[in-house]
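Labels run A, B and C following the written order; every chain starts at residue 1.
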């Protein structure tokens, strides 16, 4: 967990000082540098080498600030409204949509100036958001620890073989997708999640823990504390790099989630737009799917073979209305916590 | 130019002013209304958020869980910490004192996250304890991802604060009082029960208050060791921000939990003053 | 019933430094003995060994022949009055006084009259409901004494008992304590560095130096006939003078200090070699006219008033500096610079070991 209260307070004070310093130094706006607000794992595992290429091509240096989660990023973006210390913000689509409701935060995408914009797949863009990748939300498991070495449906996770073996995301992770999947399984849906929460209550015995930190859950999967983690496809790659063999399956219903970039209002929109154009470029998207095991958003790039394996079958995938989720997630979480609390 | 001593207060006052301002802002927010699904808030001032939190079963359960766990953690910390503090204050063995102190200070040096992961390695389903149990042919027990794990982690975190606070109080009890008691026929145990324990109550209450405050505000250990099941105030506030993003309502929730925590601490403070009052200034003459 | 206290070859060292270096001492039943000496002389270690707070390296402590060292502090029937009184701040005076009886599980019906008696003896009955913090230093001391006496200890141990009291109160309390101790017949050991206190209270004084008993005897003997220069100095003898034996007069010795001569009693302990040291109190140096036979000429170097008497610093013609005391008898002090003749009163001097 990267967020510790003491540190964040200190960071807030520090950020204030930085802002004050920035406001008395107007020349800094002319500097050829942009700052990304990004998850550290995404930066280290994916963007860092690409950003170096970007700097070489454009002469624009890339610096970073770290966010622990999309929502925490939103808190930061809001706190530095008008004078952001970052220019490009990596976030989940739903969170970007929420941020867009405040006209002071996000700059509109300069669609005309983005040569690659027209190549982005359907659903991957909005007026303030460009997806960097997509992924299915599914079951990542250790074949060596799972009976029969294979999982093919969500329903199997409710079976007695998985007692105390599951790491499932808490509602704050993946914006409540776990609740929505359970709701659909139980005959409910986004308008009625109660059956889903009842369904999750029935899996309590099998859940070792509900994770709010993906490194913690990954570690538990790697150590065999759990044999199943419900998460995104990038986990397969991250664990493979550590020498842990895992498989992923995205059974029906398989939510598809977009994550990507937004441009923050703060005076460097033009340089930020150049960066966005790189993110959605054919070249970067190829790396994103091949190296990071995520879905490419540029239609000229085919999903890497490994990634294609984890993609849901035709007709199994689902998408949800992010606005509705944004409005209701708080209430779902409260119900969920009441149901699964100790 | 002579330095003026009160100038030394300036950094502290500035820091306090910043906190006070932040706090005022946060209380102000709690009276506004959030626009659903957005990050926006609007007026006019309303108590609706407070009503909503007070009516929420999760908030009520969280308050009960938080107070119950904080109480339990404080009690366990005191039971473990008192003997350690006493050893540090009175043991004639320098080696023993150093060992205890080292053990306590080392926990200060290791970061919270590191410690939480270390506890997972010990307490986990396949952790050291459970592997040992299984090797002995016993059935494993759930020690992590529940209240047990959180309690162990937080107690371990609180121990040094408790011990060092109590230590100062114990050191203030003149050794000659213990000798006087033994001289009058009291066994070691009687000396402890009749002299040391009652005289350490003000210090004990201070140390317990500090631990209680620490336990009330526990975040990291419930987050990492609680497996998403242990709902203490800080975690619920955090999760509510991340899912609801209703800042006004979260601010109201945080304000209410703060009031609750302050009330609990005020009660402890009253207890301390009561106990200290009985023998106020006792140390002065002796 | 009074008990006899015997200490036999007791020794204790800390990190190789002797705190007590083989002390042997017998205190008769019912007597009050004072351990007198400067700080670090071992008197406190000796007392704490008796109470059981110090475990000696060797030696024995016996009360009426019974070995004390085998017992833990709480089983020894010794009651200690601590220097700072060490009253339990969370208990009332009555509870403080009753603490020992409670620990000994004395039944209430018996304990209550005994507590009342101890409070009456120390004249603090009216304070019984107060807490120590509400008492003056003198009152606290009485409580501590009552608390010690109520258990009817074999041995009473008093550690610098009057150190925290002011001068007038101190004298009054000393006499009171002495009377009480005598009437109860309780064998008592007092530790102090105050010679006047030792003289006022004691049946016996043991002057201690560097972990050993330098001289043991009744107060008058210690005062009048110090055995060593250390004891003499500690008992306030102003003049310690190098002397030469010049002859004998019966069993008395004639000694010369420069041009001054005196006839003195032989030393308490035999002195086999080395120069003699003559301990002469200021009042043994007599001031008279210059032409008195046997007198040595001197000049008054400094004069100070001591109330009924005056203290002079004298520079003799043969180059010595002496302190002399003289009763004023209503007169003015002798003026500095005045020439006088001085003699030594041998009966007020002693020969001591250097």
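Here is the rule we use: a contact is a pair of C-beta atoms (placed from the backbone, for glycine too) under 8 Å apart; a residue touches a chain by one contact, two chains touch by 3 or more.
Source: prediction; values computed, not measured.
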Open item on the list: Thinking of each chain as a vertex joined to the chains it touches, would you call that graph a line, ring, star, complete, or other?
Closed with: line
Task: Central chain of the complex, centres being mean CA coordinates - done: B
- [ ] Consider the two chain pairs B-C and A-B; indicate the one with the greater count of contacting C-beta pairs.
- [x] A-B
Open item on the list: Centre to centre, using CA atoms, which chain is the farthest one from chain B?
Closed with: C
Task: Centre-of-Cα separation between chain C and chain A, whole angstrom - done: 87
- [ ] Provide the C-alpha centroid distance between chain A and chain B, rounded to the nearest whole angstrom.
- [x] 34
TODO: Return the distance between the CA-based centres of chain B and chain C, expressed in whole Å.
DONE: 55
Task: Residues of chain C engaged with two or more neighbouring chains - done: none
Task: Residues of chain B touching chain A in the complex - done: 18, 22, 35-40, 56-58, 61, 65, 112-113, 116-117, 120, 124-126, 142, 144-147, 217, 219-220, 223-224, 226-231, 234, 236, 238-246, 249
Task: Residue ranges of chain C in contact with chain B within the complex - done: 51-53, 72-75, 78-80, 82-90, 99-100, 103-104, 131-133, 135, 137, 140, 147, 151
Task: Parts of chain B lying in touch with chain C, wherever the complex brings them together - done: 174, 176-177, 179-187, 190, 194-195, 198-199, 278-286
Open item on the list: Please output the residues of chain A touching chain B within their complex, sorted ascending.
Closed with: 1, 3-5, 12-13, 69, 71-72, 74-75, 78, 98-99, 101-102, 105, 164, 170-172, 175-176, 207-213, 216, 219-220, 223-226, 323, 326-327, 329-334, 337-338, 340-342
